[in-house]
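Next come two complexes, and both contain subunit A; in the first it sits with subunit B, in the second with subunit C.
Let's turn to the complex of A and B:
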């Protein structure tokens, strides 16, 4: 590798295999890279490319089934670990020299421990504070990470803080040991756009302030673009391209990088951009003054919404704003406190269970967690046949042929019909979930963050598929998402929801220009800031 | 908080009333007549002519109020209950309250001691075998768990009794409930129940070890002991639930072991009364057990909310505001 004078961190010839069945499958092949002091390097790859394995190998945290066959780790001028050596004193390296940030910040903190106790044991274990002065030190670190109310935060449990705040707490915990290298493993992918922005800003600031060398592991081009000085592209365990971020993104050399960039541009294409008027079309779903409370907490306030035949409407908002609750209310999974939900003149909230069930033929829901929403013990074909069976539609043969037809429609070939969800990829699972929803030929399809958990190119594939199916079967879609990019490219109309209220409803192509709402602007600002420089 | 608490108490009373009522009816619907059994045992009436037998039957039935309708009987029982009177045993004529009060402490003592042994064994071996996952110790513990879980309790009891009372003569055999006689039945019950604890704690520890907060703690370079503590604290929740469930099972189900070790607990007394269809005793015993289960579950819920902050802070206002 290019040894430079400022080189701080170097991984050489790293190879890792996993035991799969009886065989050892290589997961990382000949991975070598370096990072300079104060540099931010983005490691970009899709799920299954070996990103997290790389992070684990660098901190000696690989599971038992993994084996490092070669590789060394150098920090500064000292080779701190021969990665094949199992007797490496990792406890002295972890935290002190290499710190880590994890994907889901709420899960990265012990749910039963107050924030202050996390600091106490960390500082005591590393002999940086006694039981008397740890509070003071913890407070200082929290203030350094933009917490205005550090004293109160220290007394909180993780569940009392937002995702962004938890991630900043994790960052404070990582920084208080003054490491020279910080590995952030998808630190923002579990957060919505505003929290994402918040964490990335803080990361940038502390990286400069404390002279950190930052390795940002991500699957998101926008994140890599907004933070990385250099970018490494990882595909199937190999680094296929590396270089200056702007250069790589503007002139990609490797075919895989090109593929990634094209998947993204596909998302940003705007086939729905032309303004379409739906006023003349039939109203399918009409919600008026919907209110929903959980215990004493108001979750949805005065929601008015009209969905016309063939319309694609986006519901945009941060996590916790009530988007999913709205979907669940429409599906009858939650009872509403007041208001009307009319489907072609029938009030959904007044139906009894039997009629409600019959209504599921007309309104269907696709969930975010594709794999989790499918029965793990049933085959793809059985899963798609199930709703037909429940609603007593057709005989067995007819059901099977219909299910087969719809599986073909979503691009699941017949050799995969007998496979069960654990044997399928997440993208395939989401296709099956879509087939299961569409096999009833519903007139309204609700997609609750249906593509958020997917890799970029799979996201693009699924959205393209939904568009094709929408053209063919002419159903209306209620697309719930926190991703402006997805909604902007996919929807006719976008409704922005903040703290359970609709701020505004506008045509997708006009939202950015015409919106005067501060919240909408904040969402757009956060999203666009990250995309700057991505040649789209 | 006060509202939640009073609601819980109300719920508990309702459950108690409903459960005892159902039991009251079921006991009377079951075949067999306590008076007939009683007369059958005293040879002078049974051997004489049927007319006298029938007459005696009627006499005794009216004496114990059994000639009244079920509802009348239920009403009388309720009236007694309000005055904290469980009635008198048909068989012995003694007050049920006194009989139970005489025997219950011995059973509770035995159950608590057994539970203590179960928890200690469970935590110790469960945590250790999770830490030694896949190694010899883990395999050995698992083997022993299967062995003890599949051996009937009375076999373990008899083996221990013959070993310590006969072979080594270290255990005295009589019917007294004293501390020097407690350890062997407690150990037996402990060994019967421990496998369940060991397996649950081991499985929970392994699940917790796979959680992201553990990886995160490891990556911060915390000491090994701390990391184990993290995982253990999170396995405490199911342990609390299991404590309650085990305690109720022990108190109500220790009858076999009590018989083997001649431990003067309530189990044997209840079993005898059931065979004799001694209604007041069965009712009193059932009422007590149901009340005990309800109280234990109430305590579990309260303890739960102290261990898991997510439960008792649920109602607090949203504190996720920083800007």
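Let's turn to the complex of A and C:
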């Protein structure tokens, strides 16, 4: 490790193991890294690589089942903690010297307290303000973090603010203790692209303004690229590559880094689909004037949508825009307030329970939570046989052979048939979920953010699989996502949805150039800004 | 599920509860072997005796051996409370899961209002009304208990059903065409059964005490047949001179309640559906 003069933060030889039953599983091995003053370091790793464990170890927040077998932490010239020592006075280190920013800002804020009370509690605990001047101080911090109406925000509860605003509030709370190091653990991955952009911009500004040393933990290459001066790549608990961000991304040395970058380029391929006219094909799903309200709140307004045979249509929208509600309405999980949903001439909203159930043969859904959508106690084979069993199709033997065939189709080998979801990876779970949906041979497959929760390279694999299956079985796909990159390379047509309304529907390859809609442009701008400089 | 229950590694409280319950069962159902004495036959010459070798827990005001009566009385109390609880448990699970599945519909509203009414209605008063109308007997008492006790199980089962309904795997089953019955049996029941069963073991303790209390008031089993509650009621008059006559029944009530609570505790650890798979 090259020691530099203005080295501020150093972790040495960190090793952490988790106790699971009688087994000891090392999660981090020989992790050593440093950060210089005013430097932003991005720590890049896929889920399960140990990056959150690393963040917790550096702040003494590891669960009881974890053991630090070696490692030390140095801030400035002083070794603040021997990480193996459980009696480290973390209260004096956390907050004041190392601040944390978490993935879910809404959970990080006390939901029962107004923003100003969150500030008051923190400032008074650390004796930085009295009950008289805390308001003024917190207001100043909010202004510093780009809040236009700090006074109003202080009077709000966390649920009244957007995810991006909550994250900026968390950042303000972290900064007002004037820490020298800020560890941000996936601070933007729970946010949609517009909010993501907003938080990243603020982070960059304050990092410069206050001379912060920032450790950005992320799984997203674009985030790492847009913010990191240097990048560390973590794979299976080991730092496999480190160096200047531009250098690493343009000339990756390690095979794992190369794999990450190639998975990304697969996704980011410019629109490969030629515009195909589906007008002549049979209309499978036709939605007209669909309206949906939850209590008083209008969620979907006047939705018109036509899905033709063999078409792949993307629905693009930010979180909370109503795109998942649309999927739930089509599947009959929600009742609609008005409008028509025709499937080959049958109105889906007017079916009774029995006919509705039979409709599951024709329209199927794949969920975002791959693991959560599978029954944890059943084996892969049982899960795929489920729908056949529910609809009384075939006898036991036929069901089993059909299920086996479809598991093979999605690339689940026969030695995994007896495994249950907890013993499978998330990607494998999503494959099983797809097999389960397709075993009924539906003509319409709705994918509700089906790849959003997956790691980049798994995302690419699943999209490829869906494409192959689409070619083979010729079903139509309604792909719901917040990710422009996914939709752009995958769909024929894209519909953009904003606050429950369709803004526009265009062929995927024309959307970027031809769109005149301000909202669509904003989405593209945010997404492409992040890509800048990622040489692919 | 059975495998999980019979996992002895996990907790000591469960095993302690089982052992205690086994001992109690052997004592209670082996009463005729353990004690040669008759639980009902009176013997005026030996009334209100202190504990001795012949009568380890002394005798009551009719000269009957208290240990013998306690053991025989356990048969009545245990059988009746377990039967009443099982009936209540089945009704409660069924009603709760149905109400949960049809949450937001008229059916749910009607079932919940019935539950509210039963919850608001004092259990003791209902028992007295039934006793007044149909006469006092243990059987009538059991009907009253089952008719009232299912309510709390139903509430619990319903709340679990609502929670399970918000999970993705439930929506998946719905979309895949599962019928209402399948949804209840395959998706809701396995997740609700554990917590409700555990709750039931805790309730059993309360139930035994309630049956004892009603018997104490004279609404349950009738003299001279022994029952823990009525024995306690009996001993009340002579409590000041011979306090030991309360010892037998009260000790057994405490031990039984303890045994079931220990088992409940252990079951809760085992049946937690959100437990991590390792």
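Heads up, the rule we're going with is that the second predicted complex is superposed on the first by the 533 of 536 C-alpha atoms of A that agree within 3 Å, B and C clash if a C-alpha of one lies under 4 Å from a C-alpha of the other, contacts with A are read in each partner's own complex, and residues count from 1 in each chain.
One rule holds for everything that comes next: a contact is a pair of C-beta atoms (placed from the backbone, for glycine too) under 8 Å apart; a residue touches a chain by one contact, two chains touch by 3 or more.
Predicted model only: the values in this text are computed from it and were never measured.
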item	value
Clash or fit (per the criteria above) of subunit B with subunit C on subunit A	clash
Which superposed partner A:512 touches (first subunit B, second subunit C, both, neither)	neither
First (subunit B), second (subunit C), both or neither touched by A:331	second
Residue contacts on subunit A - larger count, subunit B or subunit C	B
First, second, both or neither for A:422, with subunit B first and subunit C second	second
First, second, both or neither for A:147, with subunit B first and subunit C second	first
First (subunit B), second (subunit C), both or neither touched by A:110	first
Which superposed partner A:375 touches (first subunit B, second subunit C, both, neither)	second
Which of subunit B and subunit C A:156 touches, first, second, both or neither	first
Contacts of A:122 with subunit B and subunit C, given as first, second, both or neither	first
Identified clashing stretch of subunit B versus subunit C [4-12, 76-84, 184-192 or 274-282]	274-282
Residues of subunit A contacting subunit B in one complex and subunit C in the other	none
Subunit A residues within the subunit B interface of the complex	59, 61, 90-96, 99-100, 102-104, 107-113, 121-122, 125-126, 147-149, 152-153, 156-157, 159-162, 165, 170, 173-174, 177, 295, 297
Complex interface listing, subunit C residues touching subunit A	167-169, 171-180, 182, 187, 190, 276-278
Interface residues, subunit B side, partner subunit A - complex	211-213, 215-223, 226, 230, 233-234, 307-310, 313, 315, 318-320, 322-323
Residue ranges of subunit A in contact with subunit C within the complex	20-21, 328, 331-333, 353, 357-358, 360-361, 364-365, 367, 369, 372-377, 386-387, 390-391, 420, 422-423, 433, 436, 440
